[in-house]
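Below is one structure; the comments refer to it alone.
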């Protein structure tokens, strides 16, 4: 196989060195549909990455596309800040009817801006305002965003250092670490909390991902989440679930926390909420927390109406009934089994496999191996990225709407990439043509 | 005139109290085209607001719309993070050829996320990293965004208080205050800077808007900007121009700082850069500042390709030649004259009028009057918003592409709103049917 | 017994409401000698408080007094900042010969100011400078001082709130909690540390008291301290032992950490170091940490020569041999036994008794009882104070030089105070005349 | 002249590199009396330094010494925290009668710890608590102490950097800069304050020295101080005068602010308040600000009774009448005249001379010259130190009680040191034997 050298000169000359995905996937993408991207040379790539969770319904999903084109063609209002619009009303009504009411979730809805980090910033502001306290607890290997508020609750040292100022008013706690079979252990946190005035300034809130995506597909157990929710209740702290990457069905149910039975005080959504890759985010919270003054938080792109249109279409198409959820759970079992087989079938110690729904990870002892697997997969036409604190985990995030054959094909390619990166020369192979 | 009561129940029941524009404009918007929005009852509103500067080319501009529909219809890739795409390449090449090269601006381009505040956060991070210092200077009445980094350089006390934590590592300075005819005065700032080690931790950067939009259409003089640039040079501080609201031609030239002849070290753009209200932002900086590590700043929606498509179309349509710039400057004179006439024609002390290009403000001694003017304008079918620290300034931000008759019509309606809110009962009139 | 009403009007009229000890001991003290204070009416009080640990050698110890009077009479220099003086040289030589060399402690000596909190501030500054990191770990219920740096590593919520600003750059950890018989557990701290870049900005240092005095006489086990020292070594963090209250022989050996065999990187001393209640403090550190620039930390009273004189006399008198240390350990056993007897002899659940050397505490379930015990003891002529997060622990800190009969007498009075505050009316009795 | 090499080995081997005065004055001091120190070789040094302002009444003042010895001999209580003692009562009564009442100052008195920085920390805490705000304004070249709270309002960059963390919640302003003859100018500060919510988080307080000692003997004009006081009143900010170095008569009156007629809300005193170099400090404040809770701020050495004894003796001896004040003002004129003569008599541009009372400075264009002057003075038997941001100012701070002949002698020696450091070789001469 030959990778044609794309005309990427303008990227190299003009775009900042901060760019990253383009370094591992050295081609120029042009079109995309469903589970496949195509580059300029019309070479297809199977997508086990899904826009880092922003494309749960695949690329340019035809149902959503139709709704979007109709809206644009008839000059539906595009940009409307937080004016009332017909498209927004329809979205709100659908969100209430399809998402909130069946789950008996009492949330009010805030449109905090187009990006996930805006939703997190709004959640942190609100929690601090409600409780009139500064400290927020977060977890090791958490990822919540790149603006300063979100970055202060993000674990990654490299990204934290980018802040250029010390990140304060936050406190890290160990994330659930269940592989070692230990009981859920909030002992030390509880000790800090209960010895009142012992040294911990009582936190306003705890922010958690039920499955840490960027952190390496670390899955919190349902009982750990329940215990955390109890701890928050007893400790008078708000519980924020950041469901930006794991919500919108990624783990099966619409919200990733449904399985555990907890009801967070605040929830953030973004990525797949518009369903089409259109920038949109939501901050949800219990009505009694709605102490915002009008305009206290704002933003130019918080009312991007085409996103409301595709978001509504996605809810109507996929969440009126439980089929997608069931399918995701079933496919999750399938993927888990396949990964276990791949892991077990290799010589040497088996890499760890973990996941929930259609979010899966395989952790390699050597981070270079994970990189090599992704590089080999790219050569084979499969998009995969690494995650985890040392980039040691290959992350599998196929579209929820992927076809059965595509899923099998992707798993087979992944298995081949794992196989073909074994041995002393494996690292060198990454990035080379076989 | 009768305002039909729209079915706004779901907004009131479900949307957070933080919503604000909808409170002053109590109708349900549905469609928009050029300089007009239409509500559900098909009532048209002339737009002197332009999405707070995000719609410089009007609503659903047909040239941009055609490009967007074509792209969507052919399944151009929508969501691509910072992968290389054909649409992004085209945008970068056009931005270089049409914007940067003719102005001899050496900038590299970073895609920091979809919202303006993401561009500001990236600018602040980069400045602090480059200089290895924490402090950033900002100006009274500045507005740079709602995430914690941007909020720390924003002046408004109400919005700052929303942070829930003290905002540190920043230092306010008085913005240019030319109406009093005094010479440009950076005396005290220079004294702080030059008595090295005197108490001021040397700032990494200064962030400034050339015209403060949210702050009340406060216009910095070109000589003040030049003096500031000189001060930054002598004081080894980076100069960041936040051109999010005033860039993309709002003041005439593509960048609002061109008139003064300065070359900022870092520039932020957003709002009208996509031209169609699609979320997009840019952080530009001198190449020697490009010390980012790959992935040190990231974000899910930093590669929203439909925005690249409309952004390219806007550059091609409006910035290949100088016609739009000339037209904006000419219209600026026209608007300034009209506002002066309106101000002078009224009894009592004349409200202050100020502006540049097509960004204008009329400041009323009584903030309630400004609110009443906007309310009356809405009744008359004209969208206007207030700004300034006490909401005492009526802001006029018509689309740059507005037709001559529309501009005249809008100015006439504005004059009428001013007139009809005079007198002891004026405030009551606001919001009532005449 | 009748407590004469002292003429305390000027205190009430002129002294700030912040005063506190005077509220529990409502008399005017005038003279003091050895283990006894006398008030204006010549009423004696046996001292089981020792100036909160500043009077380990008793009040106005005659050996030290003679040296002090001689020095003052001959016009020895009193105030000398950090000039070289004969008195300082003698102290340094004695400290090296009597304290450092026999213990093979390699420390350099810094005179950071007169108060303990100055020593802590210097220790924290130095640690942050050496490691070029901001975060310092402290322990629940720690007390290190009232200036902002020290307060940020102090646990007490009431005192922290007095800062008036959020206290940042510090992280609390649970102090050793050995009564529950669990193994030393730094598990979660180690997890935070070892998942590099997981969310914890690597701390510059850990600051710890071996026995928390203000925190309620909480005694860290030797193995816990050793494990902590190991953790610091592995985690590249400096270990600071704040020996201000527990050093100078309070727990037996000169330094309280000697028993555990650890060698801290930095040690703070104050309180009893001058031996006579004269303000003096020291910060000790490994020579390779001595990266201070000349004058980088300073202070007017860091060279108070009369304190050097009494400090030298105390070293010569009490630390040339091991007699005081042995006596303190033996008396510690005696006090512990007596307290156990007092605790066991009472109806109801026995209060917890804990201590090391001559630092002991008895913890009552009801804080009001601890207050009542101290109030009754005052009536009986014994000075005792409460400590602990809820003031629930009666603290016993007799002079190390107390006579055998005085020790017995004090323990008997304490036992009587405990006895006489039993029962439903006990609290009312506190403060009343029997 | 030959400087005997003192046996300073233990200082070099054992004392931290942070030591500084000993580097410029390489001898071992032993005794001191009045305006003279003596080294081990019995060489006398005339003191124009006065313990950096801690020895306004000279070394080991005989009146104070007698009171101190009497107190110690009779076993007066030495260390008493904030218990009531007879010595403290006597001090409080004298302070009220001799200092507060004649000046109609309504202050309450707090004993915040032994050092000046403790007084500043308490002042800042109290101001922030009273106003429930974080920000405190300070002035360029201010010096308020080395603990973190005080350091955050200190100007010197070298000392600030020693903090090891960014110093936040404070804002620098230019100190009065009257030599340029400009009108008092708080224009920009007032602009920041009056455009409410413009960017400046309203400060809790402003802290100022009337004459900056460490900053280079910068003298604020009375009208500048009055304007500042007015600004604080209008801006609802507390005015804190740090009178630690300039109080206790250094500028003539007991408080340095008396001349201007202002009444600060909070005043800090230390250094010469005990009069004998014994560590002691006070925080004074208007009674309505006394919102402290009992024990909210504390400290081991806040009740050092020998200091109360000497402080009382100093008040009785020097402040019952106006003689010392008058003498200081007269001598101030004398010193000012002498310095003008010295400055004018030299070739080249005259160094700036400035001062008030008995605090004077001569500023040299070349900091090396100032250092050379001090070094030459030491050789000649006169102690002088430099100050100012670049150590460019020779500071003259003789005891207020200096004899007439001693004052003349010192001025003559200073003139000689200035003379003998002229010319191209002057710098080399510093430190050499002539």
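Which chain is which? They are A, B, C and D, in the order written, and residues in each are numbered from 1.
Simple rule for what comes next: contacts are C-beta pairs under 8 Å (C-beta built on N, C-alpha and C of every residue); 3 or more make two chains touch, one makes a residue touch a chain.
Since the structure is predicted, the reported quantities are computational estimates derived from the model, not experimental observations.
**Student:** Find out how few touching-chain steps suffice to connect chain A with chain C.
**Tutor:** Step count on the best path from chain A to chain C: 1.
**Student:** Quick check for the class: compute each chain's Cα centroid; which one is farthest from the centroid of chain B?
**Tutor:** Measuring from the centre of chain B, the most distant chain centre belongs to C.
**Student:** Hey, how far is the Cα centre of chain C from the one of chain D, in Å?
**Tutor:** Result: the chain centres lie 31 Å from each other.
**Student:** Once you find the CA centre of chain A and the CA centre of chain D, what distance in Å lies between them?
**Tutor:** Chain centroid spacing, chain A to chain D, equals 59 Å.
**Student:** Tell me, which residues of chain A touch at least two other chains?
**Tutor:** Within chain A, the residues that touch at least two other chains are 134, 158, 165-166, 168-169.
**Student:** Of all residues in chain A, which touch chain D in the complex?
**Tutor:** Checking each residue of chain A against chain D gives 165-166.
**Student:** Considering only the defined contacts, which chain B positions touch chain D in the complex?
**Tutor:** 134, 138-142, 154-158, 160, 166-169, 171-174, 177, 185, 188-189, 191-192, 195-202, 389
**Student:** Touching residues of chain D toward chain C in the complex: what are they?
**Tutor:** Residues 6-8, 10-11, 14-23, 25-33, 37, 40, 51-55, 59-60, 65, 68-69, 72-89, 92-93, 95-96, 108-111, 113-118, 121-122, 124-125, 127-129, 134, 145-150, 152, 158-159, 162-165, 168-169, 204, 244, 270-271, 276-279, 283, 285, 290-301, 304 of chain D touch chain C in their complex.
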